[in-house]
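Reading through the structure tokens given below for one structure.
For reference, chains read A, B, C, D, E, F, G and H in written order, and residue numbers begin at 1 within each chain.
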Amino acid sequence: MTADDVRRLLESVRRGETEIASVVQQLTPMTGDLGFATLDFQRRERCGFPEVVLAEGKTADWVVQVVRRMREAGQDCLATRVSGEQFQHLAAEFPQAEVDHLARTFWLPTPGDRPPLVGDVLVVTAGTGDLPVAYEAINTARVMGANAELIADVGVAGLHRILRKRDRLAAADVVIVCAGMDGALPSVVGGLVDCPVIAVPTSIGYGAAFGGVAALLTMLNSCSAGVVTVNIDAGFKAGYAAALMVRKIAKS
Amino acid sequence: MTADDVRRLLESVRRGETEIASVVQQLTPMTGDLGFATLDFQRRERCGFPEVVLAEGKTADWVVQVVRRMREAGQDCLATRVSGEQFQHLAAEFPQAEVDHLARTFWLPTPGDRPPLVGDVLVVTAGTGDLPVAYEAINTARVMGANAELIADVGVAGLHRILRKRDRLAAADVVIVCAGMDGALPSVVGGLVDCPVIAVPTSIGYGAAFGGVAALLTMLNSCSAGVVTVNIDAGFKAGYAAALMVRKIAKS
Amino acid sequence: MTADDVRRLLESVRRGETEIASVVQQLTPMTGDLGFATLDFQRRERCGFPEVVLAEGKTADWVVQVVRRMREAGQDCLATRVSGEQFQHLAAEFPQAEVDHLARTFWLPTPGDRPPLVGDVLVVTAGTGDLPVAYEAINTARVMGANAELIADVGVAGLHRILRKRDRLAAADVVIVCAGMDGALPSVVGGLVDCPVIAVPTSIGYGAAFGGVAALLTMLNSCSAGVVTVNIDAGFKAGYAAALMVRKIAKS
Amino acid sequence: MTADDVRRLLESVRRGETEIASVVQQLTPMTGDLGFATLDFQRRERCGFPEVVLAEGKTADWVVQVVRRMREAGQDCLATRVSGEQFQHLAAEFPQAEVDHLARTFWLPTPGDRPPLVGDVLVVTAGTGDLPVAYEAINTARVMGANAELIADVGVAGLHRILRKRDRLAAADVVIVCAGMDGALPSVVGGLVDCPVIAVPTSIGYGAAFGGVAALLTMLNSCSAGVVTVNIDAGFKAGYAAALMVRKIAKS
Amino acid sequence: MTADDVRRLLESVRRGETEIASVVQQLTPMTGDLGFATLDFQRRERCGFPEVVLAEGKTADWVVQVVRRMREAGQDCLATRVSGEQFQHLAAEFPQAEVDHLARTFWLPTPGDRPPLVGDVLVVTAGTGDLPVAYEAINTARVMGANAELIADVGVAGLHRILRKRDRLAAADVVIVCAGMDGALPSVVGGLVDCPVIAVPTSIGYGAAFGGVAALLTMLNSCSAGVVTVNIDAGFKAGYAAALMVRKIAKS
Amino acid sequence: MTADDVRRLLESVRRGETEIASVVQQLTPMTGDLGFATLDFQRRERCGFPEVVLAEGKTADWVVQVVRRMREAGQDCLATRVSGEQFQHLAAEFPQAEVDHLARTFWLPTPGDRPPLVGDVLVVTAGTGDLPVAYEAINTARVMGANAELIADVGVAGLHRILRKRDRLAAADVVIVCAGMDGALPSVVGGLVDCPVIAVPTSIGYGAAFGGVAALLTMLNSCSAGVVTVNIDAGFKAGYAAALMVRKIAKS
Amino acid sequence: MTADDVRRLLESVRRGETEIASVVQQLTPMTGDLGFATLDFQRRERCGFPEVVLAEGKTADWVVQVVRRMREAGQDCLATRVSGEQFQHLAAEFPQAEVDHLARTFWLPTPGDRPPLVGDVLVVTAGTGDLPVAYEAINTARVMGANAELIADVGVAGLHRILRKRDRLAAADVVIVCAGMDGALPSVVGGLVDCPVIAVPTSIGYGAAFGGVAALLTMLNSCSAGVVTVNIDAGFKAGYAAALMVRKIAKS
Amino acid sequence: MTADDVRRLLESVRRGETEIASVVQQLTPMTGDLGFATLDFQRRERCGFPEVVLAEGKTADWVVQVVRRMREAGQDCLATRVSGEQFQHLAAEFPQAEVDHLARTFWLPTPGDRPPLVGDVLVVTAGTGDLPVAYEAINTARVMGANAELIADVGVAGLHRILRKRDRLAAADVVIVCAGMDGALPSVVGGLVDCPVIAVPTSIGYGAAFGGVAALLTMLNSCSAGVVTVNIDAGFKAGYAAALMVRKIAKS
């Protein structure tokens, strides 16, 4: 698209002959090509949020270049599962970013005001060790525009801990439950609410916990019907799906 | 609760001194005790839908007794994974029920008008063999009050089949994708929509499909962020969670 | 041991020179040799209960011969996992035996009075489909001399069902919890009692339930500390271990 | 609960109008809320022993704060699977605690005399490498008030080692057997005793030992009926359940 | 090879110019080509026993044709895992064969005297249900020329059963131990003998026995050093390897 | 597309103004919509062969309707994994089709001459039981236009069987090797040829063969570099990929 | 073979009495014996490329000795999965070699001109993290004489990235697709091309990705028929098989 | 046993009234009790070789104490899977021991002449990386009195390497084959010999090699009947069983 093309397009907007949405799509390049990466610059238009960077498995240099390219393209940039070394490289170039070392998230929004947060995502953990995953979910939901709140360490071995939160649970639009070991909490929560429950198995536990597989199977087989499941330790995915849900609610 | 108790309660309602919701809960017995079963009669109040009967693993006689007891208690009754033998016993006593032999569902609603269906649940299958699971999802979503529509056999080996439905997908509130074998379709759909995708692995396939495990793992590891997963062949759970979502939207 | 040996031994008993327990052991043959089976006739002396016959994997003829030989040896005979065909052959020869087709147990006690049942074993199931396993546990515990009682279908999706049994649970000496699918109930029960909980995973469920493996893993990873586990569908073992426990209590 | 409430409650106790047990429960806060943890302060009343801290998966700081809060609440504090770094932090603040680096346990009892140990828990290992797990079991049983004794390295490849302990085994109330590799010892022990056997698979072994899975499966399939199983390396759980058993015996 | 070639070869033998062994090899066709099968007619020369037919997975007609072709070629013919239908077809054409329906073996030797059996293979089973596998081992060892004897149902839950056979075990050249469920017996036997133990896991058991996998893992991880293992239910392989061993002994 | 559109298009072809390939694509409908199936009618243009019907998991009626619709659309129709019942329904309507009950394939070509077969695909089996899979591969390759030839039952236990085919192997363009049990044959073949080897694990075997998983793993880990693998029993896929390869060769 | 033998052979070649190919084979020693290694010096003649060194699992010294021996024998030497330490040792002795630290490959060709590269191998990755595997494939294909080109990071979550390469894909002789996580890309690519697709699962991903197993299963179950699979992270094998294919094309 | 007892016993030997073998057994203490270990001092009498120390999973101090105690008891001491740290501690106290860092074995024989080695154990490896396992087997066999010889790196991808050793193989009493990756070599060797083959899967390989599981399954499913299998990397067990075999041969 040449400068002339762009000029003609903008004049057409000024004359009210062309829909702004259509122009946005025409002016957004489809991809950012880095040789080692092909960034999807129309993810936001199609899916409601820009491409998110999974830092794990990438060199620190690759991650930095990807973030730089996204910022140049005017895209919000969330990165997850960032390692200590990657954090160091990122901090050197993007000191203004919000980082959370427990949750291993990096967040570099585009400048400007953001709309108020919507909906009510409640993130519950069975134990303290599940917190990194829970915070990955919370951070993801928030940068996507959703309210997200935490209730920590209310596993089923002491039922009164979750039962005294019954009203709080009933008020939520969607509940995310993070649990390792036996992964039993989502089934209990699912029996107390009339909204979807997104279960996140965590790798907390030992022996036959098999790095979260036991909890994953528990959740897939939940006796509570409204429970859906994401990958082990995938707080990011739970927060993402929850945000999509509450945004649908907010729009309606 | 004696007849006098009930009378006092109702008079209090008439005087506007008591909330109707509270009375409903007080008048609903908490459980239906059958010796071999303890029906949860307050599931509807807590979770928005009565307990659903998983027929598999029960004798035909047990299933019939459970349905009978639920009907007596004025509860809508959905049963899933009903066998041929169970259908025969049920048909003898409940000829008015709606049954779907392909989806293996049985539906016996309480008499009276039902509110109009809400929302837009789109159920997509990768292949023809996934249809029984898809219909279990559709039937479940509908009896829970949600609109649910089918797009069949649009797997990724012929991408144009799903791509020509792009606008239909974009309009949905939630998409359920049923796929066996490689289970790749939810990842593709997840990249085209801005709503949650509930992936249902099916047991279609052979060899290293391992009865749906291959598809399940694919879905748990989807590169599309908004994909959540349910158990293998669990059309029921996908339909249930989807209905909870669209009802939240409808209420807001 | 010749007739003379026996006579000398008995005279010694009469003179009070020999402990009766010692004579019992000397007079009990160590094994019953059938060629295809080597019955352990001193199991009762060592372990407190005669050898139990696992009928599965044996021909009907083998099972009948084993039972016959045990009866001849004056041993109580319990058989588990008995098939329909095996039941028929057994009924023809041992019409007086107690059989339970749901639990698939066969029980042929030696004649004479039995001591009163002791202790308090409580058997709880998450669902109705777990009943065959629960009854195998109950039958086993009872023939071993323990009181055993059932609470059925109180899974965690409707927590009030188990919570209203809290006092009953607190009174038990040991609780057996049978659950399939997510296998979450033992963790909840374990948090309510101060006695051991024996968890029995059942093969109820489908897809990623993997024939009880999901429930088994849940139970092995229970967040409640007092939970121990037995094999999938092993109601027999749970009942057996529970009876050993309460008999220890009764003796003390 | 205000100071006045407490005063009234205590006066009622003095007048003999209220049961002490009931007051204990009313005066114990239900939980200790730390934001990252929700301590279950009524676990002791319900289950007979305070909540135990699984140190693994927690930061050293979290563990220290949890122990501090439990001590403030007047609760005995046992922590398991403590890492070297966590031990260092704990030692700095709680030098008086009993620590066992082999068993990785930390024990900080409330001051004052403790009742004499009861019962007879016998802990047996197949090999020397199983000792850390065995000591975790022993330490747990002892802090819960049970006598616990060790017999080490008596695996089945040299049967005479366990056979010469036959009388000692026969005297126990419950036997814990820790074994890795083939996990065969519990089956042999189970055939020698009339009390329950708690089998603990350990991660000792290589190749197809699969980190304890081989031993776990052996134990779940034990041909000795009185064998129950806990998670791999879960000496804690075995000691805990054993202590619950012998306390029941001691109470009767 | 023409008739002339054969004549020249035989004359050369008569003159003592050629080794008989060499001529046998030259006169034996290398393969029997049936289109659907390529029989290895020199297996006997290389490995000491003709090719054995695994009947499972073949049509009855294929099995019959293979046996017929082997008989024509003057080869002893052993078939294993023969189904009922295959037995019927075989019986019609080879009524003189020795068949064992329990072991599912078929044996059609070439006419003529056979050398006396050598060595001492002892086959031991843990339970009665292991007998079909044990007899497959015994039959295989015997047709290969080895003495083979059975000790049945001496599992470790009643140790005295195997201990009283200690002298018999010590006399064996090789012991085959067949066991399902926990598969613990080979470890115990291995600690009592100074000869190799071939362990055969059987598919006896249920739940976490996983069709023999539990026993297989036990055996691979045996704490007794002289234990080697074959496939689940592979009595044939155990008998075959045992026969090779004792034949080596007999030759030396 | 109206009749006029078609006429204009054809006139344009006659005038040489339009490429024939382009018109073929425009005149082929993209899909055949049956409600329960969305046939991909441009698969042939994109991938070189029409969509193939996996009959397994479909009702007989569905299969028949799909075949009928493909025939109407002028597409060659191959169906695989056809059951006995499906064969019966298909035979009633398409008596002219070529069916192979061993390979479970159904082939209904469009009328007219077919081009001569090209290339040299060699299909080798380790055992006789692998033949159904081998024939599925052969039938698939042939209907796709490739020469395909069989060498049966040349497993590695009798190496001379495969070694005497060394020259035949060296001449092939691609070799398909079907093997169950240990799946060792592809590694041996891969070391003898300079063309790709497609390994097909079969479900032949028992016990730890795990329905073909053992062979699959062997093949994935082949020490011969040129070995690629397909799903268990997937003769169809091997034949398909082999045909694509030789067609590329034929075109060049 | 003595010097005289060689002289006679070469004179025979000069006289045109002997085929050069035959002499090459006679003059190439069959193996290079190093005690710890038996190099296969006729691999090139049989399979078209010399033996490739898998460096993983070998000491640095072993690798150096192997490379040295191959160079002495006039063989091209490719080594894969080379560790940092091995690279250091190799660099000290073979500074002229081409090394790729990302792909972990080492390449030491024999001196002299090489024939021009042939064919068109296209290597596609789903993500950036798959690049090391992709480069292993590219390097392997190139040293074997094939053209190989990269398209990076075009996973299915942003379909337009792969769709805009449709023409490039259609032109390839064979496509290699490297993907971790859900492994869905090969199915999509397979539906767009008429050449074989070699799918390489990578170990990119976490949780239920199981180190590449999820992607492996997806690929084995691909709904696109022309997809074959290699081991996890086996870029080498994919590149090798692809090169064999295009060389066959080039020769024809 | 007091000094008097011993004197009486020896006098009885001098008088020829007592068998020497019996006295050896009476004078050997049954166990060496170290608190953390119960050494089996009669293993040599029962099984033909003293207890072997598995160093893995033991502290260096435990290993040293065990070796010291065995030396004191006049027992040969073999330790396997010794770590670098353990070697250092052992070297400080037992400098005269034979250690092999590649095989990770430690050997401290009792002083005095040893009988000549017997039999012919041939150890074959598929690759160079299998050597540590092979040497563990060789060292074990030799210290047990057997001749053991190595053939390295003769995997099936270059068949001529193993085929040219055919005569050497045919001469062996037992062949041990160590192989990782596809584990195909034992099947090939098994088809060339008339003696037992002990297959040792090694953890060499990557991806779907699963640390030796792929090779293990290959070997368990070997199409060669005389193949038995040991645990992954269990060179020790293979060498041990092989030595037992050849000693039986030597004795006969």
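Please note the rule applied: a residue touches a chain if its C-beta (ideal position, glycine included) is under 8 Å from a C-beta of that chain, and two chains touch if they have at least 3 such contacts.
Bear in mind the structure is a predicted one, so any value in this text is a computation, not a measurement.
Between chain B and chain G, the least number of touch steps comes to 1.
Relative to chain D, the most remote chain by averaged C-alpha coordinates is F. Note on chain A versus chain G: their Cα superposition corresponds to a rotation of 90 degrees, in steps of 5.
Of the two chain pairs considered here, E-F and F-H, the higher C-beta contact count falls to F-H.
Ranked by how far their CA centres sit from the centre of chain C, the chains are topped by G. Against reference pair C-D, the listed pairs B-G, E-H or G-H yield one interface repeat, E-H (criterion: more than half of contact pairs the same by residue number).
Inter-chain centre distance (chain A to chain E, centres taken as mean C-alpha positions): 60 Å. Work out the mean CA point of chain D and of chain G, and you get 55 Å between them. For the pair chain E and chain G, the distance between mean C-alpha positions equals 43 Å. Chain centres here are Cα averages; for chain B and chain C they lie 39 Å apart.
Each of residues 43, 127, 157-158, 190-192, 207-209, 213, 216, 220-221, 224-225, 231-232 in chain E touches at least two other chains. Of all possible chain pairings, those that touch are A-B, A-C, A-D, A-G, B-C, B-F, B-G, C-D, C-E, D-E, D-H, E-F, E-H, F-G, F-H, G-H. Residues 43, 46-49, 52, 173-174, 190-196, 198, 216, 220-221, 224-232, 236-238, 240-241, 244-245, 247-250, 252 of chain H are the ones that touch chain E when the two sit in their complex. Listing the residues of chain H that touch chain F in their complex gives 126-127, 155-159, 163, 181-184, 187-188, 190-192, 205, 207-210, 213-215, 217-225. For chain B in complex with chain C, the touching residues are 30-31, 35-40, 42-43, 51, 54, 56-58, 62, 66, 81, 201, 203, 211-213, 216, 231-234.
Against chain C, the residues of chain E that register as touching in their complex are 127-129, 131, 152-154, 157-158, 160-161, 164, 180, 204, 206-209.
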